[in-house]
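Chain lettering (A, B and C) follows the sequence in which the chains are written, and residue indices restart at 1 in each chain.
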Amino acid sequence: MGAFGKYLLTILTTKKVAFPFTIVLIIFPVIISDAYIIHLLILSLMYAALSLGWNYICGYAGIFSFGHQGFFGLGAYVSALLAMKAGVSPWFGLLLGGISAGAISLVIGFPCLRLRAAPYVALTTLGFSEILRIICMNLGGLTRGESGLWGIPTLPDVALGPFIISFAGGSRIPYYYVMLIIFFITAIILYWQIHSSTGLALRAIRESQDAAESLGVHITRYKLLTFLISSFFAGVVGAFYGHYINILTPTSIFNLSIMFEILAIVIIGGMGTFSGPIVGAFILTIGLEYLRAFGEYRLMIYGVLIMIMILFASEGIIRKIIPKSARV
Amino acid sequence: MTFGLFVDQIINGVVLGSMYSLYASGLTLIWGTMKLMNFAHGEYYMLGGYFVYFGVTLLGAPPVLSILITIGATFLIGLVTERLIIQPLLDKPTWETSSLVVTVGLSIFLQNFALKVWGERLKGIPYFIGGTLEIFGVRVAYHRLLILAVAILVLSLLLVLIKKTRFGMALRATAQEKNAAIMLGINFYRIYMVTFAASGAMAAVAATMLAPIFLISPWSGISCILKAFVVAVLGGLGSVEGAILGGIVLGIAENLSVIIFSSEWKDVVSFGILILVLTFRPSGFFGQKEW
Amino acid sequence: MLEIDNISVFYGVAQALWDVSLHVKKGEIVALLGSNGSGKTTTLKTISGLLRPRKGSILINGERIDQIPPYKIPFKGVAHVPEGRSLFPGMTVVENLTIGAYIPQAWAGRSEALQRVFSLFPALKQRKHQLAATLSGGEQQMLAIGRSLMAQPTLLMLDEPSLGLAPMIVVHIFSIIQDINRHQVTILLVEQNANIALQVAHRGYVLETGKMNLTGQANELLNNEHVKKSYLGLSEDAE
């Protein structure tokens, strides 16, 4: 891989290349429409959006949350249940999934206001996520617990002039474009936030909360705002996922392994960089699938790869390979 | 609620809690000494379960020997893993996060290794001692009393080690002021290696005692580490005495809560306690003000 | 006994020491003077192995020590009392002293070493089981020095022993330092308080912004115009 790999990564992550990358993402399904590959890309986009959000609270605001999967799962269940029990359109469900995740995040964010060290924040957020999981598991009457919430409605058809885009037809391409739009919105809003005064305030908080406070930075407001934004997007992605695969179980959707993957993506890609989580998401999601060739050894190799990558590039791939000026 | 039920739950709480104390002590000790949040801690517990199972069923060894073999094996594996994946990260500035991620990778590897090699069918071993005893009108299995006895033994040994031996003093010195410890000739690499390995071995001991009660699977480590987190924080990260007290408190609290709520909400109680502690008193019982 | 040969030391990309050389003969007390940020602490840290010189070498009795791991330095008979004492706050006076005798060659004789330190510092004996964090400034300094003596060092390095201490206590500590020297311990003394340092030292060096500027016999330096203006005037204000 070596030199070519470095070149490839440089292409993918410099400012000049973000645009071509975007174009590729947009036209890809026109060229290759294999359902399996589209599915992989959808997953990659999902993880890219989730990881961007998590990187925002951790890499920029310094809040080492370990409960991102909780917002993801909550959004999924809220949207699915609203659609199934209250007949709410899944399009609204996406929004409501995000909003409910955002609302809960304010509750979860409260203890994290005082806590600063990584393990303390990690455990608090993990605790909340686990509580959400157990609640979903035990409220069987509502969620059907571990038996699974089956038959979640797909996204309703959309009429674009004379064309009708149907999500129930079995093709994944419409879902791909929906997720692509969600990803772009997430990326754009987070990029804007990071490069605005908010981002500056967050970095000040991350470097030294006390110093930032003495300079008049309103810590509470910024911390809660970051939580709100990133969890909102996690909730939207979760809601999307529910309507995409049409079945949910608490264990699969509130799974710690989702958090582990986000963690691996961000750290390997480069925490606190913007393109790191995106690159990392695609590498890890697609890479994980390629490992299927190894059959039962797949996840073992995944674990080993994570260890190896951290040992040899602990500051993240993006930082190791791309000079600061060329990064997005 | 009868008095008998109450006593039964208290005893169960203490017994289970003593195991919580055992594996939380290891986790908190690693944090206090090297500021590492070991996400693979549960997997040493899981390995312990498998090793004792193999000792008893495959080797046909008596429980005591199986337990000793388990301790030795997990200790060795701990030494090796610390040397291979933890030590290289020590000098880097990204320690706090990279150490966490590398243990996550290890955790994924070990869980799936166990799944591939030993399969996902649950495995169990018979009780070490059969029979029951009557306390306050409640029947208590001898095995449960054995669990408590082993916990007391191991934890006492740990406290003696930390407080009275040369190694223990070196460990505390390294944890409190690393540079000053280095200047006294303390090889902190070795301290870290032994502490890490010992912590895993203690979790393995807990697994050997609980194996007859809870069955062994590749995922046994998950519930272990989640409990260990809660107990360690409750006791105050870095404090072994805190973990000991915290384990007992959590064990009793959980079991008493089962009387009020049903058992499926048990974990909500423990996570709820975790969040309350972190919100209102992050340093737990005996922890430092380092949050 | 101690020979530092043209060392250059960096903190990352920032250079802290430029071609610094000094030597300490057996049995001497040598003072290393300089203002804040001049590199005095950096020099001691480099001798202790916590920093590595990018250029140059450090020798103890002819043997190079600048490339060995820091925890092996005490085995060469070197003890370092760091700036700010660096006691183990959660350990008692006795425990702090005992761990001072950690290295195997000293561990066996730790009870005798403990008695010797207690006779040197009776105040510590009175507070045997008190936590180090609860001692006064002067007592902490005594404990730090006592701890460094537990391994019977032949070279003792002290970083700013007078820092934060009342004048009377400083005088007391320095008389003890002289006492220790009379018991065949070579001493390298880093101090901002040039006045008292030069009164107990045999020779001195003056570091300025990472470069060695002056050296000479202690009484020569005391009478040196530059030293008098820059360091002796300063030190009077500090009291």
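Keep this in mind: a residue touches a chain if its C-beta (ideal position, glycine included) is under 8 Å from a C-beta of that chain, and two chains touch if they have at least 3 such contacts.
Everything numeric in this text was worked out from a predicted model, so none of it was measured.
K.L.:
Taking each chain's centre as the mean of its C-alpha atoms, which one lies nearest the mean of all protein C-alpha atoms here?
P.N.:
If one averages C-alpha positions chain by chain, the most central is B.
K.L.:
Centre-to-centre on C-alpha atoms, which chain is most distant from chain C?
P.N.:
Of all the other chains, the one whose centre lies farthest from chain C is A.
K.L.:
Quick one: report the Å distance separating chain A from chain B, using the average Cα coordinate of each chain.
P.N.:
About 32 Å, centre to centre.
K.L.:
Which integer distance in Å separates the CA centroid of chain B from that of chain C?
P.N.:
The mean C-alpha positions of chain B and chain C differ by 43 Å.
K.L.:
Please report how many Å separate the Cα centroid of chain A from that of chain C, as a whole number.
P.N.:
Centres of chain A and chain C (C-alpha means) sit 54 Å apart.
K.L.:
Could you tell me which residues belong to chain A and also touch two or more other chains?
P.N.:
none
K.L.:
Mind pulling up the chain B residues that touch chain C in the complex?
P.N.:
Answer in residue numbers: 166, 169-170, 172-173, 176-177, 179-188.
K.L.:
Can you name the residues of chain B that touch chain A in the complex?
P.N.:
31, 37, 85, 88-89, 92, 94, 96-98, 100-102, 104-113, 115-116, 222, 226, 229-230, 233, 237, 264-265, 267-268, 271-272, 274-275, 278-279, 282, 290-291
K.L.:
Can you list the chain C residues touching chain B in their complex?
P.N.:
48-50, 69-75, 79-80, 82, 86-91, 95, 98-100, 102-103, 107, 147, 151
K.L.:
Which residues of chain A touch chain B once you look at their complex with the stated criterion?
P.N.:
The contact residues of chain A facing chain B are 64, 110-111, 114-120, 122-124, 126-128, 130-131, 134-135, 137-138, 256-257, 260, 263-264, 267, 271, 296-300, 302-307, 310-311, 314-315.
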